Every structure is written in structure tokens, then in C-alpha cells.
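These are the structures, in C-alpha cells.
Consider the two complexes below, in which chain A is the common component and chain B and chain C are the respective partners.
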Partner chain A sequence: MTATVASERIKAPLIPPSTHRYADVIHRLEAGGSMLPDTPENLKQIIGIYKAYAVPMDFYWRDLLYIAERVFLNPLPAFKYFISQEYLDRPNSYAGDQSQLRIWRGGEKVHPELLEFMERGETGRMSKLFHHLWHDRVNMEFAEACMQAMLWHQGMGGRFNDYLESDAYKSNADRAIKAYFKGNPLMLGLYALFPDMFLEQVRQLSYTANLGLFWEVMAPVFFEMSDIYDEGGFKGVPDAMDFLVNGIFAVAGRPIYHHLYIGDECYEIIPKSEGFTWLYEAALPYVEAVFYRTAPFRGTKSYNAQAGQVPADQADFHYGILYADVFPVGSAGIPPTLLMQDMLHFLPPYLKEIYREHRRGEEDELVQLGITFQRSMYNVTSAVIQALRCALLYPLDDTNPEHLMANRRFFEAQMDRFLRPEARLPDIQSQDYR
Partner chain B sequence: MASILETAASVGVFNTLLAAVDAAGLREALEGPGPFTVFAPVDDAFAALPPGTVQTLVDNPPQLARILKYHVLSGSYSREQLVAEDNWDSLEGAPIPIRSKDPFEVKNATVVNADVVCDNGVVHVIDRVILPG
Partner chain C sequence: MDLLLLLLIPLLAGLLLPLLPAGSPWVRRGALAAALLQLLDGLWLWQHPPAALSANWLPRLGLRLELGLDGLTMPLVLLAALLTAMAVMASPVDQSRPRLFFALMLATNVGLIGAFLARNALLFLLAYELILIPTTLLVATWGGERRAGAAIRFLTYGAVSGVALLAAVLALGWLQPGGLNFSYTALADHNLTALQQRWILALVLLAFGLKLPVVPLHGWQPITYSQAPTPVAMLMSGVVSKLGAYGLLRFGLEFLPDAWAAWSPWLAAVGALSAIYGSLNAIVQLDMRRLVAYSSLGHMGMLLLALAAATPLSLQGVIAQMLAHGLIIALLFCLVGLIELRTGTCAIPELSGLLNPQRGLPFTLGLMLLALLAAAGVPGLAGFVAELLVFEGSWVAFPWPTLVCLLASGLTAVYAIRLFNRVGFGRLDNERADWVSTSWGERTPALVLTALVLVAGLWPSMLTGFSETATAPLALRSSDAVTVIAMAPATVNSAQLPA
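Entry: the complex of A and B
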């Protein structure tokens, strides 16, 4: 295993060329590149969107943890998006001087652009309640949709989901539920009548904590990438991918857990001692559930399940950002539109300029930024593929042809997932796809 | 004869592994009667991991223990016995594939020194940290 993909780039081919439909992309991956072509505009687009994504993400992770740890089973959670000051001030565990792992330079506090947006929104300064009702706020519904995709798809590697079915988890959840509803005979009575319904809600909250802990790391990573780019630090798309690969390794061992706080008392529903890790129990299931699978979005297209238009096997679902047609944005409530709306508020000026210069300018900015986001997520997926190759297979500069063939088979198997016609991999090879 | 950990300490190229065993609280278990089969990565293998990887694990003992347990089998197995099977169940729970008999390769690591027999098991020295998945 090596510190960076860059240091492993091969010099002369020891194995014959691939005959896969995406042979060009496979050869690029074998040379230490990304699925996204290395062009200055691609680099500019992906870094710009990482920054625009990191700002709402700074809200998502805080509020997800607030919901999982504090709001918990509130039967009327009307104010779950009204994050408490404590969680807004919560120092990021992987940024700031208090962090045990000081790799990324950003501070631990909530991002100032987020605070400014929470204050003013698009409309202007008014009370939090009006901002909420007018929907002039961060779209937490997107974060919850990602969490639900993880909950629904479940078996995607790691041991998190198995644990949610274990007796230990059920016992921890039971203790937490009884403590949360202490002195509330109505809810305790309902719990006695429908215990599985409550348990399933707690499982959903465990995935809420899981996603919050996952994004807590990604926000400082993306901010750092934006800062490095602004300083002229990245020379190309592969540099940006390498940075992500190293980031994935650096925090791979971060514990994934679910704690409930009632006052100052902590109830460990999933204790850290279970040994669940950021890489296996959060990052890999997240990529699988959200980038690849998710589910058809309501209101964008009709599917005929009897005609086989929706796969019978969940593993074949292909509605994630890597396959999405980002054109039908604007439909109320569909998760990618919610995210694109969130990112629109925090675009760096150089990205706005690109959008103004192409297609219909500001009028179809949401579509253009959706495609930028698609490009950027192909780069993140490339980083995940290279990280897995690093962890489970061989260096790119290995001199054993059998090892290089094992890498080749791995890359080809990954590219097989993009053979279906909905995949956007061929589209992102061209700069004209906007 | 010395135990697995005493043998490792005497060689001088397993300093990171031994520190990790202590940080994960696995010393007592590995000093027990076992027997165990340990795939022991050398210091250079840990050093090749990207910056921060080892630190995050050392800061979180249960997570570190999980990765270390992936390097241990219950029972004492020589190279000859190991290459007779395709997969072996690690103490972590995930299988460890034997990918090549000659050269002797365990998952994506090469065994650089096999069959170091100890009091409570056997050590095979490997050139990379292996990870489940």
C-alpha cells in the first residue's frame, strides 16, 4: 500500500490492453487517473461544487446528529430541523485545534457562509419559523432521503445492519426507549403494544447517526480541497482524487456509533466498543446506497414494475447520481433538486461564471450545477475505487503481471456497473455535456 | 521457546505492530496459550499507509483491535497447511484468502518469512497490512 496513487503510476505496460467497452477509462484508472477526464475545466467544476456542497453539509451532519441523539423518538418532531445551539456550536471532530487528527486546516466551528444563509436566506432577515415555513432554509429533507436510502437498501457490506437485528441492539434500544418516554404512560403503552414499530424507528435513527458521522468528516475534506485549489495547489483531477483517497484512509478507523442523550445522561444504543468503522459501516454503504442505487424519484417518471422497468433485485437499482438524468430538476421534493437548491446558495464566483457562459446561463443554472455535481461524484467514486484497490489489491506500479491482471479484473468489474444505458460515464467524458 | 509477542519484540522490525497490540488491549489475549497463527506486518508495511491512518486507529482501540484481529487465526497453521485451503476465517470474522502458494501470498500481502514457530502459535511475516473486505 502506498501513500498516494500518484507515486504508483505505471511506466510501461506489462499486460495487454483491456478490451472492455470502457477500456480508455480503465487504462486511465490503471495510470492513476480518475473516471473523470483530467481537464482544467473539470478540475475547476468539481472543486467549486465540493465547496458549494460542504457548506450545507456542515448543517446536514450537525442536524442529523441532533435528530439521532436528541430529538430521537419525539412523536411530533416538527422542530427537528431547528438545530439546537449546542449542535450548531459542536466542534467538528476532524477539524480545528481540538481535533485528535489534524490533517485538514479548517476550523471546528460552523461555516460562516452557512450562518449567514441561516440568518437571511433568499428572502431576508426574519424569524426562524417563517424561514422554515417559507422553505427558505437548508433542505434537510435531502439528508434524510440519503439516510432512508441507506436504511432501505441495508445489506451493502459492513456489519452495521446485522447489528441492528442483534439481541444486544434490541436490548440497548429498549433501555433507551423506556428512558426517553419515562413518565409518559401513553407512549410507553403504545410501545408495549407495538414494540417493533418503535424499534424500527430507532434503527432509522441509528442510520441517521451513521450518516451524520460520515458527513462530519467529508465537510472539512471538501473545504480543504477548495482552499488548496484557491492557493493553486491541485495540478489536475488526479491530484484531487489522490487527496480524497488519502482522506478515506486517514479516517477509515473513525468509530461509527449511536448515542442518545437525555439531559446529561448518555444511552449507548450502538457503543463505540462494537468496533464499527467509518470506512466499512458508513462510507462504503453510503456510496452504494446513494451514488449507485437509491430509488426512483416520485413525480419525475412513471415506471411499470410488471414490465420489469424496476429491477426485482435491490442490488440492481440504478437511480443514484451516477445514473441520474438531472434535467427534470425543479419538481417539488425530489432529493437531487433539494441538494442542488442548497448548493446554488454557496457557489464560488468562478463556477457561476462558467454557468453564465453556457447553455441558457442563469436560467438553467440548476441543471448545469447538477451535471457538475455528477462529474464531481464520478471523481469521488473513482477515489473510492482506487482506495479499495489500494486496500485489497496491488499498487499500480507493481511489477508482477498477475497482480496487474487482478487490478484489471477489479477495474473492469467496477466499470461493468456502468454498462447499462442510464449510466452517465460516457457523457462525462465530454465537456459538452452540461 | 518464546511466545509470539516475545519473538516479535526480539526481531526489532515489528515495533508498530507491538505498539498497536498494546493500544488495542490485545497483549493479554495474545500472551495466552492460544494457539494462534499471526500474519505479522513489518514496520514498513504500517509506514506505507497514508498519513493519519494508523493514528486514527490507535486513537480508537476497538476499531484498531478489529483490524489487528484480521491478522490472526485461531489455531497454529504452517505454510503447508495454509496453502491447502483457499480461505481461512480470521478472528475478526472476515475470511483471509490465500491467493498464491509460490510465492506465498496472503490476500494482497507477500509472506516474506513463513513458519516462525513460537510457544503459543506460529508467525508468518508479511510485507503489507491486510484489510477486510
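Entry: the complex of A and C
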């Protein structure tokens, strides 16, 4: 199923030019490119930020799985971000020699830069608790915000969300809850009184596992992209996008599951046998929820997600990173301060150099970094769009004009989502947007 | 000689600066050094009160070089010296035509200090007129896009003010029983009839009402303050306008107490009108400089109310308000200037999100919030002490105008919050936000003024200590306003005022 977009690039147009407002971007996508213009600086920026993102992500996925599989329904989860050594040492499933299916390099253990940061932070060597209280740590709050966005929005395709309402799931969850609280009459009594409340918490933990499994794949992808760039491997933005598209197809079938471990015993809340796969049950809902929609709160208006009040209408949600405005005080969107603060610790020198040369230099690195992140996520979204086109439609070098028109309609429909004024697509077309 | 030094330092510096090579950094540094030296001299004189200086200059015209410092003028001299130094610091390092600019700034300072030190009405007039020329040139040469119109209007109003003051001074001098004498001592001890006093007071009110200014004589103020370069606006709003209040206190209240007492209800009404007019106009302004200008107009109205009430407490309030407002308004113009320097505009609708911690001007906006709170009279800041004295002192004499002024003071919070909300919050425009943050050098004058606003708020005697004994003899009404103290020719003269 692996596809190489570069090889599909069309030579001559067989269909008339698009009249869409983003016709230039659409033509670029049709030529196998990305929504992000292909410039050396764009390439440098996105690879640099992938590297800076991958290091905290290496912590995010480990801790998310730790929370979903071990912390579970702990009523006082004060130490859920104090990941156990077992999960810190856990080899990546798709990277390194110890992986189940080696696709990418490295990944045997947690990234050394992350270990170094966990040891010292910004402040220096001190107790883990002080690092935590001082917020001198990886901000798991960001990862949880992403997970909650996926949980809240629901209905983003796939079968995963529907399965959470199934009898099979409820039965598995019930078994896990009873096992987890075995010997704890207080919690079991509460469970008997408020079973839906506990079930809802388990659903949230299932999405926690889902996101953890999604990021387990993405972290080594970004690490390897950084390594390849350092070795002089990528020649342009489309190469980077192709790598992502290939990565998506390489692990598209990765099982998405939710296991609970109590001691050595494993309780399968969502068993692998249900056949949930990485691309349709994790990657696409993640992109939809996090890149496009994010928090289901808009100003003073809020929705009761549990009551199913979160509307699916996209007009109500435009807070994802593709729309995020990094400028207002108390900004909406992906909590920019938290994620950007995490990435700030791991910026490669060449990216720091770019930031030093523009705007306020080191003083506004967080904003420049946020905009770089926005560029990079437009590239990831481009990869997803190309992957979807590969999976659902026709090759870019197809000679049938009808097929090309179908591709065109697909691309135009995708671009329609960026017609709203908040979209940053027009901004990232200019290198001066910093 | 000590008193003369206050004048000679800026005078000599102003004369020497143009001799320095063009583009030399020592022009700005020299101007700053002169202003700081003068401030140090002023502080030294505060602790070591000097003897009055008196010497003949043109005796046939009644012009004598009579200089002195008392409780009324000491704080104003210090304010003038301080704000000159801050204004020089607030000027850009790459100031265009710096030799002429700083020479004119120092000339303005000489005029201001001369007017405050003068103990002779003709000498005061000379200093008063001297200020008009350099300030007009400063506005006309370095002002904004509409500088020509602003300078012409300022000059016209200033000339009318000068002519009115000349007529008043000549009338006061010529009507002296002992022959031509413009000494303050002689002017305070006259035998003018009530009608004569009222005619002269009309001229005095016209002269200083224009300078202060108050409604309806304020036509020059919004455009001049909005078009003047930042350092000049700081100096004009901070000190030059206070010369108007000082003139009313000296020439109106002290020299013409009967007429002042008779007209004081009308003056209080004009003060209240100015206060409410200034505040309401400030609310609707779309330009930060004009907003600050109208805010100043409102506060000058409160000054006039306190002068009209002329109780011991309100007169203390006058001095306190002159000092507090001088610091606050200079701080506001300084901050507006910084914002304009970075963003290229003062237009409120064009600015937003300046509190953004990464790309905005959070430090400048933070200080602006403090300055606006001080202007609104929030406790703990300089404005509170001054306004409390003004209102408490005036209430007993003119309760209704005081209530109107209280309302106007409350409206200060409205335009302050409106400005802060529009400029500070909201979305910062990435296209516009391509500026570097302000440097510590640029922030220094604002920081110094902020510190003084804070200190004065926490240590109110800094504002009132100067004047407590100096203003009491000038009171026309007792603190309960039941007794009108002075309805006869004044018996108090400046020589009796404690230093």
C-alpha cells in the first residue's frame, strides 16, 4: 500500500486550471506538492520543529499509555505524570532493533535529550516533585487536551467511537473496573451507584490509549526525518511530505486497542481483535479533532459533551493549529504556551538561528516557534490529504481527465475548509509570516 | 547666586549646545546634563532655602531682577527641572537637528524657571513670553503632520494670553499708589477699587485661562498636544500648563482677592464645565494623544475649582494636583510616545493586543495602566491624594461644582478602561507587530515618573509638604467655608510666605 507521491507528479495538465480561491495551492497539491510552499527555509523550519516536537512526543505517548494501562481509574491520580521506569524503557513498537515491526531507526529507549531534560529541566537538578510543581517538565496537559478534543468531538469517521457505546465495550470495561477496584468497597459502591460516570472515565482512557498509540508511531517518524535532513537527505518540502505519506501507509494497519494491566494480568477493554487500525481510528480522527477543531468551547459558549451537545458543524470550530492565532492574549487553539514551551527546550541550533535573525529574536521565540509549528502541521495535513487521495481516489499521474477531475474536486473540498478568515493557509504562503 | 544658577545652567547650556559639531552625541548628553544639574541645584535649594535676590535692571520701567523661592514655587521649579530632564531623556537618540531642538528645549526651561522664580510682574511677563517662542518653534519644526496648524493656533492663543497679561501687569503697576512698581510685594499691597480689580481680574483670567487651559479657551490644546513631539508634549502638559494655574494663584487670588472672591462661584462653574467637558471628550477620542489632551483639560478644570474655592485645604490641593498631574500627564505622553515610536500610530482603532507578552509592548502598557489609574485617582497613587484634597477642600464652598468634578473624575476610569481594553487586549496584528521591544534607555523616563507617582501616592506629604504653610495665608475662605477671610485688600504678601 506504500505510495510515493513524487513518482506520481503529473507532467502536463489534462484538465483546465482550478478557479478556486486557493487555486495555486490546489495545483501544487495536484503536482504532488504540499500546501506549504517548497522553499529551503520552509524545509529547514518544518524539519527543525519535527525534531523539537518528537522529543516531548516521546514522553507524551509513553505517559498516555502509562495512564491508560496503569493509572487507569485511580481516584487521586496526582502522580500520573510521574511515568514508571517500565514505560520509560519501553521500546517503540515500530522503531529500533527491539521493535515488533521495525520501520524506523532508533526508538529502543526514550530519547536521550528527553532523559537529560527530565533530569535537569530548565532550572537544574532537583527532586522530581519540585520539577513538577515548578512546571519545569514536559507539559502532559497539552497531550490530555488533544485527547479530550478527540473524545469531545466524536463522530469523526471510523468505528472506534461507536464501539465505545457497544455492549461488548461496556462489558469489558465493567470487568476491568471491578478488577481494578477489587477489595475497595468504597469505589465499588460508588461504581454501583454511578456506573455511567465510571464508564465515561474509561471511555476517556480509551481515547488516551488511542492517542498514545498514535503518537508512538509519529515520534520515530519525526526523529528519522530530522536525521535524514541532517544527513542531507531531503531536497525539498515535497520530499518531507512524501516521507510522511509513506510513513502513514507503512503503519496504517497498526492495531488500536486499550489494555489495562493490574499486576501481570491484562484486561482487554478494546481488544486488538476488534480490528481498529491506526489510520482510520487514530490518525484521521486526531487530525480532524486537533488540527481543525480542537477545544469545543468558543468564547463564552460551551457545550455539554456528555449530553451529546457538541455539534459536528465545522463552522462552530476553528481553533485547531491550522487556524490558531498565536497573538491574542490568552489565545485559543492548541494550548500554544504549553506545547511551544515543550518544544522550546529541544530546538535544533539551525532553527534557533533562524529565530534569532527575525522579529525580536530570542525574545519572541515562542511566537516564531508557534508559526513554524503551524507551517509544519500544514505539511502533515497535506500528507494526510495526499494519503486519503491515494487511498480513496486516483494517482496524480492518471491520464484519465475524469479521474483527475475527481482528484480536483477532492482537493477543492479540502481547501474549502480553509476559506474561513481564521485559516492560516494564506499566511503560510509567505515567508514573512513569522 | 544660588537662584541665578537655576537659570544660568540651562541658559549657558542652551547657548553652548549649538556650538558643538553637528551629529555629536554630546548635544543630547549636554542637554541632559544641564537639566540634571539644574534639578540637583533645585534639590539643594529645597534643603537650603536661598535668600531672595533683588537688583535693578531697567528701573525706569519698573523692571527689577527680583528672584525668590517660596512654598508655592519650590515644587514647581523642581517639577520643571525634573520634567525637562525626563523630556530630554524621552527624546530619540537620533533626534533630527538636535542642536536646535535641545537649545529650544532648554530655552523653554529658562522661561519656565524664570517665571516661577520671578518676584516682579514685569520679569514674570518677560519669562512668560519667552516660553511661547521656543515651544512654538518646537511644535512647528518637529511636530506631527498637522504641525503648522497646531503651531499657528498655539502661537495665536499664546499671543492673546501674553497681551492680556501685559495689560493686566501694566494696570497693576500703573495703579500702584507709590508709583511704577511691579514688585510682587507692592502688587499685593494695593488700593484698587472693586471695579478696577474686576477689570484686571478679567484680563488675568483671560491670560491664564488660555494657558491652563479651561473651557472655552482651550481651542489650541488638543491639536497642539497631539501634534507636538513627545518631549515637548511632556513639558507643555506637565509644566507649561501649570504656569497658568500658578498665574491664577499669584495674580488672581493673591493680588486681586476681592474680585476673586466675588467671581469665584462662576470660576467654580467654569472649572466643573471644563472637567466634565474634558472627560466626556476623552471618552470619545480615537487618538491616544488627543485622549490624553482632553484628560488634561478635565483635570485643569478641577484645578480651577480648587482655586475658586480657595479654602486652605483646596489650595493645598491645587499645589498637590499641579505636581501629581504634572507627573502623571508627562508619564502618559511619554508612554504614548513610546507606543507611537514602535507602532507608528496613536490611532486607537488601529491598535490592539499590545499586552501580548511576546510581541506586544506589555511593559509600556503596564505602566500606562498604572498612569491611567493614577489619573483616575485610585488610592495609593499620586492622583488620589491630590484629588482628595481638591474635592474635600472645594466641597464646603461649592458642593455642586465639586459633585460635577467628582463625576468627571469617575469618567476618567471610563476612558482609561476603554483605552486599555481597546489597545491592550484583542488580536495583535502580525503585519503591524514587526517591531522590537522598548529598550531600558527608552523606558527610563517612564520608570522614573512611575516611581514618583507611586512614592507620592504612598507618601502624600511629598505633594503637600511644600505648600502647607505657603498656601494657608492665601485662603479666602475658612475650612468650613462659613467665614470669608479676605474681602478687603490683601494683607498677605509673598515676602511673608514661608519658604
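Keep in mind that, in the parts below, the second predicted complex is superposed on the first by the 402 of 434 C-alpha atoms of A that agree within 3 Å, B and C clash if a C-alpha of one lies under 4 Å from a C-alpha of the other, contacts with A are read in each partner's own complex, and residues count from 1 in each chain.
Here, a residue touches a chain if its C-beta (ideal position, glycine included) is under 8 Å from a C-beta of that chain, and two chains touch if they have at least 3 such contacts.
If you're wondering where the values come from, they're calculated on a predicted model, not measured in any experiment.
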Would chain B and chain C fit next to each other on chain A once aligned, or clash? fit
Is A:433 touching the first partner chain B, the second partner chain C, both, or neither of them? second
Output check: A:275 vs chain B and chain C. Expected answer is one of first, second, both, neither. What do you get? first
Which of chain B and chain C A:363 touches, first, second, both or neither: second
Arrangement angle, chain B at one end, chain C at the other, chain A at the vertex (C-alpha, nearest 10°): 150
Of chain B and chain C, which one touches more of chain A's residues? B
Taking the superposition on A as described, I'd like to know which of chain B and chain C A:194 touches: first, second, both or neither. neither
Check whether A:101 is in contact with chain B, with chain C, with both or with neither, and answer first, second, both or neither. first
For A:325 in the superposed arrangement: first (chain B), second (chain C), both or neither? second
In the superposed arrangement, which partner chain does A:255 touch: chain B (first), chain C (second), both, or neither? first
Who does A:130 touch here: chain B (first), chain C (second), both, or neither? neither
Just to confirm the geometry: in the superposition, how small does the C-alpha gap between chain B and chain C get, in angstrom? 39
Can you pull the chain A residues that chain B and chain C both touch? none
Per the contact definition, I'd like the list of chain B residues that touch chain A in the complex. 45, 48-53, 55-57, 59-60, 62-67, 93, 100, 107-108, 128-129, 131-133
Give the list of chain A residues in touch with chain B in this complex. 1-4, 100-101, 103, 157, 159, 245-246, 249-255, 272-277, 280, 284, 388, 391-394, 402-403
Which of the residues in chain C come into contact with chain A in the complex? 353, 355-359, 424-430, 433-434, 436-437
Provide the residue numbers of chain A that touch chain C in the complex, in ascending order. 325, 327-329, 359-360, 363-364, 366-367, 427, 433-434
